[in-house]
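Chains here go by letter, A, B, C, D, E and F, matching the order in which they are written, and residues are numbered from 1 within each.
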């Protein structure tokens, strides 16, 4: 279905194999999902994105579950089917309850509605909202 | 700048005035921002969106600040200038620190990058990610 | 503000001038708006788009006002500030009332909300909706 | 395929069942489509969206078929596969002819093209197009 | 899967058949892909889009392969599954190597990331970037 | 206008100052544009994005000018005003002629049109276009 083949573990160049090892160690799961198997044709890009993602999505001022829900919101707005599926699964694995998911969906829906209205009417930004 | 005039308090129909009163009472601020002034040409739509937004953005399984950050993420993806400004201001008023905003931006950037790559390569969804 | 200069009538190549003449004759207004002045750097592209637009937006199975409202809807979804402004002005010039605009906005908002929800949940298409 | 299971009639909470009853009564069809079955995990959200949609999409200053075509236009721009299918089916059920659909597609295509060009060149809005 | 049936060669109106003949002659392949078979319900639109596309995508100041890669970039950003597949196949047929595709993907990812950040922060355009 | 203040050189933390020095050395221009001044509130993110961008946009299997044009295409599709301006300026500085820009715009417009049509009709992908 994709525009590139999905590489199996046996197909990987050594640099890509090292990234897969780190994905498995970091996530403590055996399954390496299709996004990385598609990206593995370019080991340098694979490593760059995985390393940055690992840092960005880890704990910090925001907890990892909040970050996964933000990821879902962006993915819905960008109409990314793969990303909606994979990050909803990740969010659930990190503890997103049915109630949390329902509220996440409600916010995504509300934001999309008012985004479209503000873009249709081209509402000018209030002075009070601009950074000084 | 907008496609409709922004109604002042003196221009409001009674149903719209009641919504403005509720906005002021709920948010405990005098300033009613431009989005509502543009929407007020249609008091029924103004009331429907405000009432739904008030419910959706209030506390629940997710706290109001988390909801504002999700709103910012959707607004960035939808390229809504007004919404990015207004919800960043709201998130700050609800306690978003510089560190939280920096991490929010990092997640938005990372999600947008991998969304585009998954959409370019049309990666098929892993069976493990589908709801049963 | 734009990435190209806006050509005045005196700057136009002959092929571009002919298109401007046709815009004025077709619309029966003297004002040629900025989109065409930006596009006029490439007279062939200017002519191709104007001629196609003139045909597409004219009367047919759908009336010209319905077409303008569809144009506004696409422009809001694509976050095109210029297009939202210019086609709202065109729709008003063709008879869009305040009530019609309010309902148009309500449909745009509703569609954007359910689009985002369907994209977030990746709802599978019902068999009944597929063309045979 | 979706991120949530699709609820059958037997799975519904009472509040969701009441919404399904109203969908069937309003549309006078037995089939309740997948979007509502996915949304039914959150009966409050299901009820809120259905009730608003029922009002927005009904007759008013714009006829229901025009509203369905506007919905299709937004859905194409937002790349919502589910919505494109379901609202094209609805529009056909409400009388959209092949000629009307062809013209709708032509307007969607034309708007998307000029949206992209205006966004690429960042054409400034003509003074004449701004609301006073 | 689509909202319209895909016309076989036997279903074509004469004007559509002439376009299919030209597609085969221009591309020197027997296979006419599904996009044109869906569009063929409206022969006038089919002819208008094919003729414009043939001109736009041919050699000029940019070579045809560069144009295909630009097409892929737009398609990823618009989340168009069909277009990502068809234009990746076209680009490969015109000589896109694995290394070129990998770099194309990297640029698409980088642009999407910084687009989202600039849209989230609403960075004002530097004076130096505006056309004079 | 932005949601964050734009840092002047005097406001920079040491890690951000080092990035600015590298931007000036790499581009051989004194002007550091606003995007980096907004991002500089988070020096770690500033460094991560600049270093990745420097690598991605440099020469490789694709030349730097081709990459800038791909960046413009993504930016138009994502409706990023800042990015359209900044990368059009970059492309011109790297040698994009008026003819090249005109053809770039034509491809962006054509791709956006057919993307929208494919998304509206939900055309299924031809088997011939799928990776084996």
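Assume a residue touches a chain if its C-beta (ideal position, glycine included) is under 8 Å from a C-beta of that chain, and two chains touch if they have at least 3 such contacts.
Since this is a predicted model, take the numbers as computed values, not measurements.
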item	value
Comparison of C-D and B-C (more C-beta pairs in contact)	C-D
Most distant chain from subunit D by Cα centroid	F
Gap in Å, rounded to a whole number, between the CA centres of subunit E and subunit D	26
Between subunit B and subunit A, distance of the C-alpha-averaged centres to the nearest whole Å	20
Separation of subunit A from subunit C, taking each centre as the mean of its C-alpha atoms, in whole Å	33
For subunit A, residues that touch 2 or more chains besides their own	1-4, 49, 52, 73-81, 84-85, 88-89, 102, 105-106, 108-117, 119-122, 125, 129-130
Overall pattern in which the protein chains touch one another (line/ring/star/complete/other)	complete
Complex interface listing, subunit E residues touching subunit D	3-4, 41-42, 45, 49, 74, 78-80
Residues of subunit E defined as touching subunit B within the complex	72-73, 75-77, 79, 81, 84-85, 88, 105, 108-117, 119-122
Residue ranges of subunit A in contact with subunit D within the complex	79, 84-85, 88-89, 98, 101-102, 105-106, 109, 116, 122
Subunit B - residues contacting subunit A, complex	1-4, 6, 31, 33-35, 38-39, 49, 52-53, 56-57, 60-62, 66-67, 69-71, 73-83, 85-89, 97, 99-100, 102-104, 106-126, 128-130
For the subunit C and subunit E complex, residues of the former touching the latter	1-5, 48, 52, 55, 125, 129-132
